[in-house]
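Before we start, here is the structure in question, set down as structure tokens.
Chain nomenclature is as follows: A, B, C and D, assigned in order of appearance, with residue numbering initiated at 1 for each chain independently.
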Amino acid sequence: MNAAITPDVRRVLYAYAVAAAVLSLGAVLHPGFASWTSLRAVLVVAAFTGFVAAGQMLVVLVGGIDLSIPWVLNGAAIVLTTTSLGQSSRLPQALALALGVGALAGFANGMGVAWLGVPAVVMTLGMNGVLQGLSLGLSKGLTCASCGSYAPQPLRDLFVGGVAGIPAALLVWIGVALLMTVLLTLTTFGRRVYAVGVNSRAAFLSGVGVRGVTVALYTLSGVFAALAGIMLVGYGGQPSLGLGDPYLFESIAAVVVGGVSILGGRGHYLGVVAGSLTLVAVTTFLQAQRVPEYGRLMIYGLVILVILFAYGRDKAHD
Amino acid sequence: MRDLIGRLVPTQAGLGYIVLVATAAAYLIVYTSSLGRFPTSFDYLSILNTMLPLVFVAIGQSLVVLTGGIDLSVGGIVSLCVAVTATTVTGTGIAPFGWLIVVLVLGAACGAINGVIVAAGRIAPILATLATLSIFTGLALWVLPVPGGSIPSVVRNVLSNPNVPTGLIWLGVAIGGWLVLRRTRFGMRIYAVGSDETSARAVGVPAGRVKLGVYALSGLCGALASVFYVSTTTAGDANAGAPFILTSIASVVVGGVAFTGGRGSALGAVAGAVALTLVIDVLFFAGIDPLYQSLFQGLFLVVAVLLGTVATLVARRRRAAA
Amino acid sequence: MSTRSEIPPSAAVLAVRAAGVHRAFGGVQALRDASFAARPGEIHALAGENGAGKSTLIKVLCGLISADRGTVEIFGQQVRRVVEPAARRRLGVATAFQELSLLPDLTVAENLLLQDPPRGRLGLVRRGRLVPTADTILRKYGVDYIDSRATTADLSVAHRQIVELVRVLAQEPRVVILDEPTAALPDRQVEWLAGHMRRLRDAGCCVIFTSHRWREIEQLADRVTVFRNGTQVATRDRISEAEAVTLMSGRTLAGTYPDISALPVGETVLRVDELAGGRLRKVSFDLRRGEILGVGGLAGQGQRDLFLTLFGARRAAAGTVSIGGEQVVIRRPKDAIRVGLGIAYVPEDRKAEGLFLPLSIRDNVALATLSRRSAGGFVRRRAERSAVTSISEQLRIGGGRASNQAVGTLSGGNQQKVVMARWLLTDARILLLFDVTRGVDAATKHDIYQLVADLAAQGKAILFHSSETEEIANLCHRVLVLREGRISAELPGPVGDADQIVAASLKEASDA
Amino acid sequence: ACGSPASETPATQAAGTGKLKIALSNSFIGNQWRVEMENVFKAACAMPPYVDQVECSVFNAGNDVSTQSRQISNLISQGVDGIVINAASTSGLNGVVQQACDRGIVVVSFDNTVDAACGLTVNTDQVKFGQQLAQFIVDELNGQGKVIMVTGVAGTGADNDRNKGAMEVFAANPGIEIVATYSGMWDSATAQRATSGQLPSLPKIDGVWVSGGTDGVIKAFSAAKRPMPVVGGEAENGFRKYMAGILTPKVNGMSIGQPPFLSVISLELARGVIKKEHPKESITIPFPVVTSDTLVPGETVFPDLPDSFFADFTDSGPNATVILCQQAATDGTPCPGKTLDVNFGKR
């Protein structure tokens, strides 16, 4: 009996087992699916899900949820291109501004949830609308003079080309995974996050600044969504409207498939990495098998259900 | 004295009605100042008919939220039932009504599946219904790959007649249904489960069956919404349900139903749904730049709920002071 | 009543019988081969240390959880292993649980009538009749001081406990099971409950209850069953406390309370001046180094608000607090814990306010002092491990279980020690101990008394509240009696006799 | 209790100005195409003859049918003369459109048209759209090769029609093998991500048929360093830049776009019908088609405009339905000194 294998660690292992199972099944049914190039492509696509899921996970850890991800992401992407005007010299400021927008939106979410007591669902849903309205309004529906700009060349080269043959998105993802893991397991902040997630009243009475932690987490979620937006424009060159829409439900699914408890207080980012990978692998595989859209939706839902039944169940009531 | 204050100070549960009154007043003001006359029966009737589907979905959603759950799959259930209604409900005389019953049973069955997964499978509602949302949406696309289908005019005349406010009857039936439900033991148990499931089980409340019940009812409400949707639009669309996910949740919170369960009422959710429908009109007649509309809708949501929080705080302060 | 006439006349039929019951929670074997039998017409006490399995047995008896193995019979009728409580209810079993089973968002009336509301035509609930019906029930059981329209969450713990008990009594059951019914009750209500228990016994019902207060067991019980480690170890008509303690814990205890009168008391550490807020109305007192200052009085007189306000968990409306002669502002617990101030608060409700059940012993213990053992935001893990290990050994937590064990798997007494350990690590000068022995077994209580005395001897200043007035009477240098948010009396200690404090608590009540 | 609908309908012409009131009800602004469609509408409204005859207004509904339905109801209350609709659901607005028709309002729907029989429609032939792109690919490949289909938003009429047209052609050519079909959601970013995920496990691809998001698909090929296939796709400027060799690698392709100026044609149809200058007839216009060989920089491809720009904002040639300038599409400013002449005679 190994005491180190806590239920949380076990769920991370399950998440990897599922990812491996999906990939092997894919390899059997669709030759070439598990080749390194294919895997790498799936990893790159999964990285984008992984970024937003990182933020989503942080707020889920304290029993919250972030529904503002789509337009934080989209807004940051628009800010990046409209302020950089495609010029490399402006890239640093543009990056800072885009991340700043994400941080600001997340901060506002956190303040609303922690200080004003607005339920997370409402606060972040409202924020999503606010950012959508601002993005559309200020950019005049993305037709403003600077709205046609591209992400500066260095950023695009990085994300299209990569570093030493390794796609940049993957490198950044590895960085994010390291950061998240260190943050959550080795720092005092991480300890406080889990404490707040498990029992916020007890955490408060133990001297944890519950509100501060909550605000910090929502802010980080905003930053991660903005990061995803930046990567996506680096990858595609230009922002589009609705860029973030696919990531709302997908980020939640990736978090739970990764073994994070939706009730808060439990889970590791390494599991979320596997969760993102699993979801993207399933989608890619179904597309490769030319399953029609209706079938894909049904199978996707069923796969999530099966995973939930395998290790996403609440405690029994007795 | 304590009672009097308790009754006068608005509580979170009364939020929906206050927001509704405020929104309705805003509507009348912007409408009259923009058109120089009061709204006509056409306006009232079209508001009534467009809001009915949301009202039904919101009632179903509120039942689920009252037990402390959430139903994201309403989007899928509405899509599926819209697809099935538009493709199967045909014929004349009594036959289409038979098919309508089939659709209602289908909706309830989809909801019951959610209920089983949540109650027996012990899977968090948000996740269970996230998965079934995908499944039901897939089914809807399979049933109705291209928008279309139709609905016989007999059905239309009975459900959402564009010239006669038949919708009022159904709104009344929906509200009456809730008032009756509230007065059943099942109704009391919904609150019990939402308030504290473990305790509810301990005092003998069959929490599993209650949950199964509310999800099935939510599915049934989704089916009812679909029927009205098809009736007002006269045809079906497999993507019809998607907007209802977030709007039904918004209705429920604006209606003052607590997300933690146990507090609020379906009537509040009805008020919330009506208010959200009216907000569209307020923005329209206020001449807000369409590009900025979601900004105002987002603010409306947050501010409405914030008012509720403040009201609750004030009420608690005053109660404490008394 | 009709239900009572159904009780079989022959006492040979047992009211409740459990045989060979096993029940495990994950890795914890809560019941192993447990047996239990109780007769109609008796009050049967169930005694045992924390974690002995009393509550688990009760849950099996009333059908809330299933046994892994074994049989349960009610009046000779075997019941299925998994039965909803509703079914047992029909057999005449009613239970008040240790963790109350009231629904916080419902009113008192709704809670009382949830399963059997007044109905009108069509079987619909007559909502207008809920309050009058509930009032009638409350009055029938002599409770006229609780508003049945109140939302349950707004009631004090004591009142909630009373509502829970009325809910059970009102079912006119044949078998009444009460799990630690007196833990949160002030003495007056304990008497009230005792009266009802005796009445039911005399009417031929079977009354089963658990308690960690031996005096109550002695006064009330006709028979006692002792549990240890999930197994029945004895059932007797009469049993002495010393013998019971030996049976429960396997060890004997020397004199229950440590002698504190010999402990020296030093200079003033904490000065509270006209503090108000919540139920508190202008409270002033001094607390000195090495002193154990008791805070007594009837339940709900502002004791909790006093503790929470001093700890910064609740805003003060007026008044000042000085520590070491300097006036301080404590806005949040974080301020209170700060090294300079050094205040620690150990709460009564450890599950809700103290513990992180899925987290490890180490995470739980280290939480309040994280930043003291960190560098650049990183936890210094080695320092943490050694600190936690030494305090765990000192308090004998978990019987040497690994410190990465989840706290949820520990027994109640050990869980309480984990909370204590967290606060001891803060090196606080001032300890606010709020009902820390609530629901703790005799052996652990004894450990805690000794610990409190040791801490005082080390020079800590301790503010001590307990729902057991006897503890305040025996363990404190001085006792403040709160009444309606004010200090109504100050008694020099150790008082020794709890009745003195009770008398002081009631004094103004009779005057007024 | 209700007055007869007719008595409530305000006079057909806006009393004060004598101008016609025509409103554009768009379901959502989710992509550049919709933005341009609204821009050219606004520009047209600011140009003669519309600037003197018509009072325009524009509404967006965030892709929610009930919102759009409310907006159209409010337009009816406002007493507009004509409503031009790009619908959130082809079926979802039938009820309210019927009510508008009942009140004598001229309803013209385009792009995502409305089924209601009383309304007029302005559209291209979406089945033909799919066919023609597919035929181009087949021809370029001489009927032999492996092809990918990147589809649009499932469950919509346009997606279905385009796919149907393409499938007909591909099915008729046994030498063509469809090796993957997946949705790009008519969005370049989504199409790019999906394609990137697919490519590594696919054999060499000879042709790509794209319903929307074409430049994203090409970028995925380029990033994966795959040989560039023959591409039949939409009218994204980015796609055309590849076709013109402005972006490398040069792509051999055919580009057909749903023209954004459908909104302007709808405006003209509404105006004409209200003024009784046109018969009450729906219109199908041809779509502008360009191939790598027929591209003209500054006319059908714009090196300085973004990839997401829809390059077919105007028709061209002697038979052009309507000629618009670039700034009309980019920011909705009227084309200087120009009277708009919408000509839908050539069908």
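The criterion applied here is as follows: contacts are C-beta pairs under 8 Å (C-beta built on N, C-alpha and C of every residue); 3 or more make two chains touch, one makes a residue touch a chain.
Because the structure is predicted, anything quoted here is derived from the model rather than measured.
When the interfaces B-D and A-C are ranked by how many C-beta pairs touch across them, B-D comes first.
Subunit B and subunit D have CA centres that are 34 Å apart. Centre-to-centre spacing of subunit C and subunit D amounts to 71 Å, using the average Cα coordinate of each chain. Note: centroid distance subunit A to subunit C, computed from Cα atoms, is 44 Å. Averaged C-alpha coordinates give centres for subunit A and subunit D that are 33 Å from one another.
For subunit D, the set of residues touching two or more other chains reads 29, 154-155. Shared contact sites, meaning residues of subunit C that touch two or more other chains, fall at 64. Within subunit A, the positions touching two or more other chains are listed as 136, 140-141, 293-294. Pairwise chain contacts in this structure: A-B, A-C, A-D, B-C, B-D.
Interface of subunit D with subunit B (complex): residues 1-3, 5, 8, 26, 29, 58-60, 62-67, 69-71, 73-74, 76-78, 89-96, 98-99, 115-116, 153-157, 160.
For subunit B in complex with subunit D, the residues that touch the partner chain are 31, 34-35, 39-43, 45-47, 49-51, 53-54, 86, 140-141, 144-149, 160, 162-165, 229, 232-240, 243, 247, 277, 280-281, 284-285, 290-291, 293-294.
Subunit A meets subunit C in the complex at residues 3-4, 6-7, 186-189, 191-192, 194-195, 198-199, 201-209, 265-266, 318. The part of subunit A that touches subunit B in the complex is made up of residues 65, 67, 112, 116-119, 121-123, 125-134, 136-137, 140-141, 249, 252-253, 256, 262-263, 293-302, 304-305, 308-309, 312-317. Residue ranges on subunit C touching subunit B, taken from their complex, read 64, 84-86, 89, 95, 97, 99-106, 110, 114-115, 117, 123-127, 149, 167, 278.
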